[in-house]
Structure formats: C-alpha cells, structure tokens
Amino acid sequence: MLREFASDLRHMQDNADGQTAAFAMVGKGDLMMVYFRATLAELQEAQRDFGNLDLAAYLEPVGDYTSVVELGLYESSVKTFKALTEKGLAPHTEDWDAAIKETLARQAEAMAPRLFPAIPDRKYICFYPMDRLRGEQKNWFTVPIEERARMMHDHGMVGRRYADSVKQIITGSIGTDDWEWGVDLFADDPTVFKRLIYEMRFDEVSAVYAKFGKFFVGVQCKPEDVEKSLFG
Amino acid sequence: MLREFASDLRHMQDNADGQTAAFAMVGKGDLMMVYFRATLAELQEAQRDFGNLDLAAYLEPVGDYTSVVELGLYESSVKTFKALTEKGLAPHTEDWDAAIKETLARQAEAMAPRLFPAIPDRKYICFYPMDRLRGEQKNWFTVPIEERARMMHDHGMVGRRYADSVKQIITGSIGTDDWEWGVDLFADDPTVFKRLIYEMRFDEVSAVYAKFGKFFVGVQCKPEDVEKSLFG
Amino acid sequence: MLREFASDLRHMQDNADGQTAAFAMVGKGDLMMVYFRATLAELQEAQRDFGNLDLAAYLEPVGDYTSVVELGLYESSVKTFKALTEKGLAPHTEDWDAAIKETLARQAEAMAPRLFPAIPDRKYICFYPMDRLRGEQKNWFTVPIEERARMMHDHGMVGRRYADSVKQIITGSIGTDDWEWGVDLFADDPTVFKRLIYEMRFDEVSAVYAKFGKFFVGVQCKPEDVEKSLFG
Amino acid sequence: MLREFASDLRHMQDNADGQTAAFAMVGKGDLMMVYFRATLAELQEAQRDFGNLDLAAYLEPVGDYTSVVELGLYESSVKTFKALTEKGLAPHTEDWDAAIKETLARQAEAMAPRLFPAIPDRKYICFYPMDRLRGEQKNWFTVPIEERARMMHDHGMVGRRYADSVKQIITGSIGTDDWEWGVDLFADDPTVFKRLIYEMRFDEVSAVYAKFGKFFVGVQCKPEDVEKSLFG
Amino acid sequence: MLREFASDLRHMQDNADGQTAAFAMVGKGDLMMVYFRATLAELQEAQRDFGNLDLAAYLEPVGDYTSVVELGLYESSVKTFKALTEKGLAPHTEDWDAAIKETLARQAEAMAPRLFPAIPDRKYICFYPMDRLRGEQKNWFTVPIEERARMMHDHGMVGRRYADSVKQIITGSIGTDDWEWGVDLFADDPTVFKRLIYEMRFDEVSAVYAKFGKFFVGVQCKPEDVEKSLFG
C-alpha cells in the first residue's frame, strides 16, 4: 500500500504537468498532500486519483484547502492607478479597462515564474489560512488603498529579512475556499516559522487586521521516505 | 454504481419537471448535486431518490443548502412604496396591501423566466451562503431602505461588468436554511469567481455589511463524464 | 421497518396522551419527529421508544430540541405589575407573590388550550431556535420591561397579519436547551416562512435583539405517507 | 447489559466513597452519569470503570464536565480582606497569607457538609456550564470586588426564593474544564429550572456578565428504574 | 495490548533522546501522551510509533497540540533593546542584529536546562492553549513593549507564589498550532490548578488580554500503572 503510494508520488513528481509533494504531519493527521496545478479541473483529478489509492481506504479526510497563487501587487496597483488618473482616465471606462488589462498581461508575463512556482524543497512546511478583519470599527476593506499599500509594504519588509531561511508562497482563496488567503511557508529549521510569524504579528497590518485559521505543520516525505515516515 | 448514477442523472436532466446538475467537488467532498425544483416537497423527493442510489451507500453527507430563487427588487420596491405613499396610502392598509399584491403579481409574471432559471451550462460552480451584518454598531436591518437600495445598486453595477464571464443566481434562505442568502456562480474560467468576489468585497454593502459562510467549488459532471470524473 | 414505524406513528397519533408528528426533512437529515407531551419524563419515554424501532438502527441523530410551550405575557405582565404597584404592593413581598400566583393560575386556566396546543395539520414545518442579544452595548436583558413590551407588541402585529397562512407555536427553552426560545411555524405554502421571517427581521426587536440558530424545514409525513416519503 | 449496569449503579450508590447518580437524558444523548468524588484520581477511576461495562460498548460519548464543588465566598472574602487591611496587613505578606490560610481552614471545616454534598434526590436534573464575560467594554474580571460582591448578593437573593423547589450545587472549573463554572440544579418540577433561570437572567450579574454553555436535562434513573428508563 | 504499551512507554522513558509521559485523562478522552523532543521530525516519529501500537487501533484521536518550550524574555528584551539604543544602534541594522544574535546565543546557553526541561514528576497534569486578545479596542499586539513587560512581570509574581506546589512549562505555538501559547501545569494537588488560574484571571494581562482554549486534565500513568489506570 505504501509502496503503491510512493510509486504514485514519484510518478507525479516526475510529471511536468504540475507540482506534487507529500508531508508527514505533526498533529491533526498523518499525511498532507500539496498539489500545484494549472487549473481547478486538474486539482479535482488529483483528488480523485488520490482517492483511488489503496492507502486512501485507511485515511479519513481531516481538511483541505483550495487556493490560487497570487502576487502582492499593492505598490504597482497604486502606481498604475495614479498614472491612469493623471492621464485623465476614469475607473471602469473603456480606456481605463484596456490600460489595466494591458498592464496585467505585461505583469503576468514578467512574473510567470512566480505565478507558477516550484514547491520549495525544504524539510518542513507550515500552512495556514487567514482573513483580513472586517470588524465594526477596524475594517481592512474600508481602508484607502494607499494606507493598505503602506502597511503591506512594511509587512513585506519583515518577510524580506527572513527570505534566506524561509520560502513563502502566498495564495488567494476568495471564491475558492473559506478564508481569504492561504500562506505556505517552507524551511529547513521549523523554529523560523515561529520567529517570522511572531515578529510579523506586531506589524500594523497583522496586529490590527489579521485573523488566522488553523495551522498545519509537516515534515517533507519524499517517495523514498514514504515507508519510513509513515510506518517506521 | 456510477453507471446507475449517470443514467439517473441523464434521466433527471431530460425531465422537464426541474433542473438537476452534478459537480465533482474540489475539496470538502467528492460530489455536489444541484436541484432546482418548483416546491420544497419536490426537493425532498430528489433527496430521497438520491439516497436510494447504490452510490449513496458510499457517500457521507457533508452539507446541504435549501434556498429560494430571488430577484433583487430594491429599486422597484422603493419606487412602488414612494408611488403608493404619494397616492396617500398608508402601509398595511387594505388598499396598500392590494396594490402591493397586484404589483408583485405583475412582476412575478414579467420575471418568471428569471424566477425559474435554467442551471447555467458552465464548466465551474462556486456556491456560498451569506448574511447581512446585525452588529451592535453596524446593522443592515436598521439602515433605511433608500440607503440599502443605493448600496445594492452600486453592488449590482460591479456584478454587471462581469455578466459575460459569470452567471449568478441569487437565492434567499431566511426560513429555509441557516444563512440569509445563497449565491450560485457559474463560469468557464474559475479565476473570475475570485476576481469578482474580491472586487465586490470593497463595495460598501460587502465591506461593511456582509458575512460569508463556507465556499464550495466544483467542476461540472455531465452524465457522460460521471465515470471519468468520479473514478478516472 | 417503515411499516413498523408507520404503525407506531399512527398508534401515537391516536393516543390522547400527547401530540406526535413526523416530517420528511429537506436537508440536514431525513426525518424530524415532533412530540408534544405534558412532562419532560414523557418526552424521555418518547425518545426511548423511538430508539427501540428497527428504523432507529438506520438513522443517526443530527440534533434535537427540548422546549416548553409559552405564551407572550408582556402586555398582561406590565398591566399586572402596574396594578399591584398602584395598590402599594412591593415586589417579592408575600402579598405581591400571592397576587402574582393567583393571576398566573387564572391565566393558565383561561389559556389552557393555547398552552396545550394540537400540532397544526399543515403540509410544511419550519423550526428554529433563537436568543435575545446580550451584547456589550445592546442588551435585551437590561432594557426596561415597558420598552420590551412595546417592541414585542409591534413584533406581534406583524405575526398577526400572517395568522391565516401560518400557525406559530412559541416555546421557551431557558433551562431546557441551548437557546432561549424555539419557534415552530406550520404552513401549507412554505414561501410564507420566508416572507414572514424576512418582514419580521426589520422589526426593532428582531433587527437589534435577535440571534438565530439553525433552521430546519420538512414536509409532513402522515402514517399513510411514510413509505412513499422516506423510500419512494 | 442493563442489569449489569443497574447492579453496578446500586453498588456505587451503596458505596460510602462517593456519590453516584444516573439520569435518562431528554435530548443530546441517552444517559448522563453524575459522580461526586473526593479526588480527580477517583473520577478517573469512575470513568474507567464505566468504560468496562458491557453497556459502554453501545454508547458513544457526547460530552463530559469536570468541576469542583465551590461555595460562594464573596461576602466573607470582602469582610476578611477589610478586617486584615484594618489591622494594617498588606496582601501577600507572610502575616496576611497566614491569616487568610487560617480563615479558609476554619471556613472549610465549618462548611464541610456543603463542600461534600449528597446528590439531591429529585426527579429532574439540569446542568449547564457558564463563564463570566471578559468583553472589551464589560469585563467581570476588572470590576472591583465590592461591586462583584454586591451583584452576587442580589443574584443569591433570587436563588434563595426558589430554595424549596430547586436544590443547586455550584462548582468551579477554572483549570479543570472549558468553562469557568458548572451549575447543577435538581427539582421535582422541571419548569422551575426555566422560571428560576429566566428570572435570574435579568439580574445585573447575569444580564451583563454571564455567558452560558449547553444545557443538559435528564430524569433520574435509580437502579430499579434502569430497565424501564433505558429500554421500556 | 496494554502490556505492549507499558513496555513501549518504559522503553521511551529510559531513552535519553527525549521525555515521554502518559496521563489517564479525566474527561474528554482516555489517554494523553506528552512528548518533549528536540525537533519536529522526532515528534512526527513519536506520533507514527504510537500509531503502530496495537492499543492505537482501539483509540480515536480527540486532539493534539504542537508547541515549542519558551522562556519569558520580556524583561531582558526591554533591557537589551534599551542598551543597544543607548549605544546608538538602530533596529535591524547589521550591528543591531549581530548584538541581538550574540545576546540570544548567550541566553540560550545559560538557560539550556530551562529550554530542555524534564517532564515534572507530579501526579496531575493540566494543559490548555491560549491567545493574547487582538480585539478592536483592546489589542495586546499594539501595546508598547514596556507596558507588556510590566504586565507580564506582575503576572509572573503570582506564578512565583505558587512555585512550590505547581511546576509550569510555557510553550509558544505561533506557527506550529492554532493558539499562540500552550501552558502545561504539573501538581500533586490538582486544586492548585484552579486556585492559581483563578487568581491569575484577575491580573491585568489575563483579565483584559487572555483568551483560553480547552482545558485537559489527567492523572500520571507510569509504565507500572498502565494496566490499573486504563483497565482497572
């Protein structure tokens, strides 16, 4: 059963159509699968194929999360909006929409590698979903974009100081799952998850406007580790 | 088992008595059934018949939602109320009630196709329930109707810009399920769900007054796709 | 199995010791039993007897609610308190308590039929539990009784306009279940549940002070319908 | 199986080492066991022994609560603190601590019967856990002790008026379970639970500072009733 | 089965690679395992090995918690920051980071025994997770560090008075589990859990800024107690 799973995992990892990784969980369950795919339909196929493994009959689902890799575009958006406004364009006019579309297409091309990332090959994963607060007094979605851009910039500065020791992939899940964003962190030393997130928790954007879901941590389980990781 | 289900699904889709569609879910479960029926009793029958399928013995319910297709009538309501008031009628008098009843009957006839819609034939579905906030300071249900109509109008303007790429069916579930409204979105490109809902989240009505439940996404599964979608 | 259940249901419905009805649920489960009994001990017996049915082995409990039929006495309470105060009586003195006791006994006798109602014979049921808000700023339990009586009066006026199309039984569950009140609505047209509750939601007492639990809807299932409703 | 349970229950009830009672539940499950023991270790043994019954294989746990019988000492604490302060003692000095210790020992001895109560032999039980509010504006734990003592005194006055018809045992569960207090009420007429708790809900301490958990009600099931109560 | 578990537990307790203890739970389940390990990977191995026991087939997981032993460094942090600032260093400059790193390394060495503690050999355990409040008005993460240090100091003073009767191990779980901190208390008299936590609840830092999760209590179960504790 584990050998079938290991072989299937190796097969998927050799497959150029998407990224797949397995993690032996520490708490909350035994196994976490991470699939990066180009479309939702391919994610559904990955889910279906996992269910067909013999191993699946011995596992009970404890949770899943569907999200889309996303780039932080606050600074470029503020710049683009300002430039278009200075040109005398009004939001949602035909010219404005064309300019936005053209800008996005240019960015998407330039940033394709970051939109279709590889799963970082680090020993540990930390995943958690999060929301921005929509409280009665503090409400992220009523804060002007320049303010939000400034807070996100400060927040990014903290992340940048940890860039060597932790790789992060931010995903957006408004419309695809129950929280607004999903955060994937990958590191060889898991205490860096704690240090990074603790330090960020005092940023204005996290301190005042972040709501966190459940946290999932795991140890990477390569095809050759499957038997040892899951059975011993 | 899957062939029985496929045949049953084809039979229901050929049946003029209601609309039925199946979706292979991405996360949260395997299969989502969508039934549009004229009465609650017919929904109960659809639920009962599904339970009689051989397939049902292999599935565990993870959730369901019962809701009634609903049209946004804020603008016409405000107009009607104003017109009746200008005629000197007072709310809940016999004349007022008769006038309202007559207006509603006229609207229901004119909008019957929108009240009994077909399930849009798009590749992806996104469903989520939502409430309007009844907080201690921000409370949708104490906002004057003209204000609510204005916010709903602005909100509708955003939806209209996405009308080509996403079909939405709004349903009301006060009295039939745990949230106040259910939103069904159908699109061929699922990233449009994310873009639409993200943009709307900054509308005043969503930013301040919306509470969202769980989000469910799936890939349409026509009778001829059943075996491939659910088994591979 | 279903025949045993149908026969048991018919037997209970012919039994003068209490009211019993079954509803085929639309969502959240398959079957909802409604028992009106004179004592909690008899409710426990009904629960025990249901568990002894063969059918019970095929069902899993998804919820239950225990509550006591209750009459809205705000107006008469305010009147009684005022009358006693005008007589110079102080709350919780012996004379006050005797007068209250005597008034309650008189009312209980006069309103016995409403305290021991029949289960209305309508096609659909809607059940939901609710609380009054005890927020930090808006708190029903710190509002003076005259204010509460006024809001309940306005609220009742809405219900009265729907009296023909929907029968409602209000029950109190402080001390018997997790919410403060349980609401049972019975109607032949289930859209009236939606219209009634939607309209009430804008009443001051609901808009500001109501918290709602889960909503359960079902189609009445008489003994002769059991086989068709639950099996088809 | 039921006879083994009945015999075990009788054996425990004849056992001087602790108090044990069984209740047939009305909703939320079938059976509630109440154990009064002198130590946590003995509670663990009671739990273990219950699990060894044949009956246990047919039951699924739906909840449990661990709490310590507690006396309301607000008035005496305020008096003691005042007396010590008047003597010129400062909190947490050696003399203060010795005086407090001596006072508590004296009280514990005087009130031993109330600290080790018998389970009242009434027909019905009502159990619920509760917290004191720690809201952002209303926070029980920042209210001065004199204010808290005054509110608890008023609250106790209500309970006292019901002393004949309902026996209450208050337990503290900070550190032993998820809520701060557990309330056990015992009465022959269960509507008194509703009347008592409803009246208390308007006390300042409950109206503003109480948060309630789930409510559990049951009918006492003596060894000789086991077969009839649980099987019929 | 229990003998295999007892033998495995004895083996782990003799193993110098980490600390392991078992507790027979009072409520919420039957058995709580506590593992202190140097790395997350070793925790995953402990979890995997437990799952391989015959006993595991008879247990269902009811919860787990992953956290990192942590020392309270508020006072030394405030001192260090002040010293560095007085030397003219600015946060996150190279010199500042080097000085912080050097200070932390020195502290880690000096406090190694407290970072890698033994599981205290007391009869009872009490475990609960907690958060600091991030409310709209009261928000721990926007309070200046000097204020937080002062509140933590006062809080520590209470703990210190209980140091003889209760051993506490504080762990941080930002990034490893759903709450921010985990608290482990060990005592021979479990009522001290209640007294300590109750007294602390009136500290400013707890009264205003603490949110508590579920509480778990258990009786230590040494290898030689396994059969008696879990079977009787």
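List of remarks:
First chain written, first letter: the chains are A, B, C, D and E, and each begins at residue 1.
Convention: a residue touches a chain if its C-beta (ideal position, glycine included) is under 8 Å from a C-beta of that chain, and two chains touch if they have at least 3 such contacts.
Remember, it's a predicted structure, so these values are computed and weren't measured experimentally.
Rotation angle for the C-alpha superposition of chain C on chain E: 145 degrees, rounded in steps of 5. The centroid of the Cα atoms in chain A and the matching centroid in chain C are 47 Å apart.
Per-chain Cα centroids separate chain B from chain C by 29 Å. For chain A, the set of residues that touch two or more other chains comprises 136-137. The touch graph of the protein chains shown is a ring with every node of degree two. Within the complex formed with chain C, the residues of chain B that make contact are 39-41, 43-45, 47-49, 51-52, 64-66, 68, 92, 134, 136-137, 139, 141-142, 172-178.
Residues of chain C that touch chain B in their complex: 24-28, 30, 123-124, 126, 135-138, 161, 185, 190-191, 193-194, 196-198, 201-202, 204, 206-208, 210, 213-215, 217-219, 229-232.
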